[in-house]
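One chain, subunit A, links the two complexes that follow: it is found with subunit B in the first and with subunit C in the second.
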Partner chain A sequence: MTSAAVEPTPTAAPAASVIASVRDLRVHFRTKAGIVHAVDGVNFDIRNGETLGLVGETGCGKSVTARSFLQLVPMPPGIPVSGSILFRPRNPCPDCLGEGCSACDRTGRVSSPCPACSGEGCQHCDQTGLETIDLLDLPDQQLRDIRGDRIAMIFQDPGKALNPALSVRDQLGEVFFTHRSAELLDAAGIDPDTQSVTGRMIRRKANMRSRGVENLALAIPPLRDRRVALASAADGMVAAALAETQIPNPMSVMDRFPHELSGGMKQRVMIAQALACNPDLLIADEPTTALDVTVQARIIELISQLQERYRTAVLYISHDLSLVKRVCDRTAVMYAGQIVEVGDSDQIFHDPEHPYTQGLIEAIPSTNRERGRLEAIEGTVPELIEPESACRFAGRCPHTAPVCTTHDPVLEPIGEDRLVACFIHNPPATVPTEQLPRPDGRLL
Partner chain B sequence: MQIRDYVLRRLLILPVLIVGVSIIVFALTRIGGSPIGIYLSHEMSAEEVAELEARFHLDEPIPVQYVYWAGGVLSGDLGWSGVAAAPVTEVFPDKLAATMELAVASAIVAVTLGIGLGTFAGARRDRFPDHVTRVVSISGAAMPLFWFAILLLIVFWVYLGWFPIGRSDAQIFASIPHPTGLYTVDALIAGNLTAFRDAVWHLVLPALTLGYGATAIIARMMRSSLVEELQEDYVDAARAKGLPERLVLRRHARRNALIPTVTVIGLSFGFLLQGTVVAEIIFRWPGLGRWMADSVLRGDQATIMTYVLFTSVLFLVVNLVVDVIYAYLDRRVVLGT
Partner chain C sequence: MDVTERLPIPPAPPSESALRVRARRAGELTANVLSNPTTLTGLIIILLMISMALLAPWITVPNTPDPTQMPRDWGAIAVPPGSPGHPLGTTNTGGDVLYGVIWGARTSLRLSLIVVSITVTVGVAIGSLAGFLGGRIDEILMRIVDVFLSIPELIFALAIAAVLGPSFRNIILALAVVFWVKYARIMRAQVIHVKQNEYVDAARVIGDAPLRIFGKDILPNSITPVIVQATLDMGNIVLVGATLSFIGLAEAGLAEWGVLVSEGQAGISAGRWWASTFPGMMVFLWALAFNLLGDGLRDVLDPRTETSR
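What follows is the complex of A and B.
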């Protein structure tokens, strides 16, 4: 055997409480130098309501993994190789109609039964009996329905992720016009089922489908009144979404353009936009990297507050370990396109098992260490162009043994709720003992 | 600052710019020598010439001459055109209307085709439609105007006979009044569709000739700035909101890609005005072009100055409009000034 077969990751938690599972995700990129295996067999679960941190160095494939959730990896140059991202969307709770009751754990949302087996548990729904969809294999329309509604994303630099030419009102309003047009029509007092010509036109407006000439017609009085009602209904929703982020004076912020806002304000607008439809999963791709340290703390606090209120699961991507330690329930460590260790954040940071994680944590500057010296992991990240079957960390690892350069370790459970991909912990049975790394080889 | 204030401010600066332009125009025309030449004949004596010079204030220093000229312009006297053998003010409006109609028609061709092709190509970067558009637009920029004009003339007038040349059919011209001098508008005012079709049909070849070159420039600019904008994070953010690709392109990327393109559109209007001279001569369009060519050759300075002054002012106004559109598209501009 030269490469360990990749099996679906065994997880300690029951699959039903998992909102999304990434299974053997492989995304490669075609470059002049060859095929870059940017993401190469990534497995992890995100559980309901938790914050999962995804950490790793720049270029390890964190962002590509995150963007894959919404199919935002540019193809080409990207090549979708294999894998699936299973997602269990949740719908408004039938008992309380989204208000929040005991049946839905005050979230106002519940999972729906799998349409294939009506809750029996089948292969399609991973034996959970819950509606499960593969985000990587969706028709366009269904993908768009999920984007921004069930799964939302916050980008690294709010200065770039907001359109400079559109006002905050326009950019936030789009979310409601895309996913909440029925509610908008309702709030504007327009019958959503009207079949008259004007009714259809206003419906098209609510779905952002109006074209040039139609927009002129919508400026004429009888239609104009309804269009204005629709616009003010949208304004109401936008103002409410902005108010959620504790932005001062939401009504005046609405009319501003991104360049008139500070970095922190912009990120609040992005957060308002992402949480506008109360998503089941929020992907935060380094949401504070571009911000001042003082603003950072407040943005993180805001995300956790809103997450707690709406029970949104968060995939928190960062290279800032001390931040992840503070905000994430569980942490997945990524190295060179693969996950090397997953587990409870406290455990990972106090008792790292993978040599790479150990090195990373060593490298966090700490107040109780001697001044002036900063720790670093020796060596550099390997080239990911058509990598050989071997542990990617072998070249930098202090415990490298012969097996590490011939076999590719897989994530395997060690202890409760802990997965590590390292031959120290999971020696393959077929390899002679003298080729294995020493099991007591601890760095710390 | 509001866009309204910005427009007002720009409008207030406009007269200052016009005065500046008129001084430059006057000074530059004088490099060609005294404008007296066109009014002289071989039979005139030296006294008669001197008398004529005194009558037109040509014996005064040049700055004083400018003041006389500017005074004349303000009171509606643009001088005597030797070429047309009539006061400039009498001939100018009709010919100007003809040239304007042609320039505006070609600008419409250039802007719609340019933005359309550029968007089409930019959204399909490095795919087959992009390559085709590239060939089409680069040939537009590379082909000499006069050559392309003659090509169209041979194919569509001589061989196929689809489109006429000249400006209108004589009978149809006589059948309706011409209050504006813009034949398409006149036909619409008269409610005469036959006349309208005739006016448009006559416009097709010269407008296509002129518009094609500018289309090329606008399309290339539009394409490259759209390609750039499509790589911005806000485009992915728009997709992440669940917007359909059509809206991602139209509401987000194209709007920003138009910002640099609009500047190019304003500048290419100058290119269009220059091109009218060639197009008018080839397609026998009775505009300013032919008259201007003759005036330059024969030193008819009153006509030249009127033309240059007028086109400069027009260019300023077009670019004012462009700046306003620019400020509307990119709100950061309004802050800066």
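What follows is the complex of A and C.
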């Protein structure tokens, strides 16, 4: 493996508009057969408010990359090898105090200057001058504060991602009790600074720290009224969050259990939960794979609408290329634990540069094509156990040259806002020409 | 415009409805359980037994110095059922069989409730700890459980009770020591299984702390088999307890079914069947009833054992 891969990816966009940067992420898994390099040196940026598609075949490391954002990869068997995920949380805009003004692009939230260099740009903030935290290196409490509040996630199968023992009301209320207890106390008319015994108890309840005995005490009438007020405040927030997902009849949905809801409704509940705290980044891990096609379209439309409204950046993981083409502003193509091509979705889909991307796009079944054989990429994904220093696609690539099996290609810019890891486009200077692939090497 | 503000908030419904939802669910579940005639039979027998146990001091005249001891009527030794004052007859030491049967229910209820609550608490705590934390802690705890499981239940309980000396308290203790391992095993397996569900990841994603996740997502979704097992054990424990007291590990003269059976055993060959038969029937009915209820609960609560009904 060449050490050049550690270089941060240069992106054409100004650094200030980047909400999260993945830098040389490597996650390996210990298995009986050996150490699997599931994610092996991944670099990409997610910009403010954009939808970035992450596409690739099953097992190429998409989900592991996405789950790393919230430290959800189980360790063990996972081994955190290296890398960082730099996240720049947005805080309420100082000009308008969250009201929404021109300075903050009407989102009410802006990134804050880096506390270490006060905006100069330093090592700590990846030269952006913005407050930056490394999601892979966070104390537990801080991580929990970010989860669900600043970064949210939608899962593939909403049927499995909702606790079967909780009603929708309790399921969604949880987010508000976790991250919005101050607002809840306020809405319930309880002074957040109260020092009375009952006030403290209700505050502990709002922070979900009450114990069994306290819960009993909270059932006694005078305290009970305040507890009911608290619960009603949470219900109001839950109802509002549900209403936003355009779920039919949100009031009656609140008291239902997951098994009483359809797949589409469950996914709407998941979306309501994910967007409840107006996060800066939403990770959608194949959010529509488990739904049928008609529901799929509506769910995608809903995510786009809400994203538009709150300027939430979305990392959209999918193997459905036609969907990514339609939904995502930019697309990153992943193969065997590495990113092989990043760029504007239109460009990638109309003019793919990496042979793997070309193969993938060829393989999209199209309705206007005549009946006949479906295209497929020859060969299979290579073993990711202790891979050699070589292009991972070399075994399946129609343009393989000697250099491809001896060197590891690195993501390098070609043209504006476009990165490709292929020797066709970025031949290494030190290698003799006869070992390089033909520069005009194209499929078709 | 305040973008953090959402759509107009609809008036919140009164939050008592959350309680109503729970009540509705509990109601549905109960109706489901009761729709099965065998389960219903079990439940009725259990309710009769429990009311008999609770009302014992009012149904019979309690033995004044110690109501748990059999009263002795030295004027009516080994009289058959139907004798005046002794509807179920007496033992060959003049103990009233009816008194023993009724107060035996009280003793059995006490035994099974105490043992089940201790074993479930300990078992669930240890099983949860092992399953939730995993790794070395899991390994250590489960090897301890294996040691306990390597000795047959009855013999282990017998050994402990014998070492501690013959008393009913020691039978309770012995059974508690023996029975918790089953719950630890069940709970650990459940927690490991439930822990892998995506809703646990989803809870982590919204920022829940580990303890909260355990209480909200893992415990409620893994406790069902424990409840079923506890119901079955309510019957089992009385059976094993009666065995131990039959052998003589309880105080002699205790109003307990096992003691009574052993007291009447000598008379069976002489045709005095009643002193052993009635308390024996009670043990049988008690164990049967809880098994019927436990099976019914399993059918309703545990979706994996789908019954064709």
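Quick note on the criterion: the second predicted complex is superposed on the first by the 438 of 444 C-alpha atoms of A that agree within 3 Å, B and C clash if a C-alpha of one lies under 4 Å from a C-alpha of the other, contacts with A are read in each partner's own complex, and residues count from 1 in each chain.
Note that contacts are C-beta pairs under 8 Å (C-beta built on N, C-alpha and C of every residue); 3 or more make two chains touch, one makes a residue touch a chain.
Since the model is a prediction, treat every value here as computed from it, not as a measurement.
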Given the superposition on subunit A, are subunit B and subunit C in a clash or a fit?
-> clash
Taking the superposition as given, does A:K160 touch the first partner, subunit B, the second, subunit C, both, or neither?
-> both
Which of subunit B and subunit C A:L72 touches, first, second, both or neither | both
Larger contact residue set on subunit A - subunit B or subunit C = C
Considering only the touch criterion stated at the top, classify A:T178 as touching first (subunit B), second (subunit C), both, or neither.
-> both
Of the partners subunit B and subunit C, which touch A:A233 in the superposed model: first, second, both, neither?
-> second
In the superposed arrangement, does A:N278 touch subunit B (first), subunit C (second), both or neither?
-> second
Who does A:T132 touch here: subunit B (first), subunit C (second), both, or neither?
-> neither
If you stack the two complexes on chain A, which partner ends up touching A:A241: first (subunit B), second (subunit C), both, or neither?
-> second
Based on the superposed arrangement, let me know which partner A:R144 touches: subunit B (first), subunit C (second), both, or neither?
-> both
May I ask you to decide whether A:H259 touches subunit B, subunit C, both, or neither, giving the answer as first, second, both or neither?
-> first
Stretch of subunit B hitting subunit C after superposition, from 19-27, 55-63 or 235-243, is 235-243
Please identify the positions on subunit A that touch both subunit B and subunit C, taking each partner from its own complex.
-> 70, 72, 144-149, 152-153, 155-157, 160-166, 174-175, 178-179, 208, 257, 270, 273
Sort out for me which residues of subunit B touch subunit A in the complex.
-> 232-234, 236-244, 247, 251-252, 255-256, 259, 329-332, 335
In the complex, the residues of subunit A that touch subunit C are 70, 72, 98-100, 106-108, 144-149, 152-153, 155-157, 160-167, 169-170, 174-175, 178-179, 208, 228, 231-233, 235-237, 239-241, 243-244, 250-251, 254-255, 257, 270, 273, 278, 309-310
Residues of subunit C defined as touching subunit A within the complex | 1-4, 6-7, 9-18, 20-21, 25, 197-199, 201-209, 212, 216-217, 220-221
Can you list the residues on subunit A that touch subunit B in the complex?
-> 67, 70, 72, 144-149, 152-153, 155-157, 160-166, 174-175, 178-179, 208, 257, 259, 270, 273
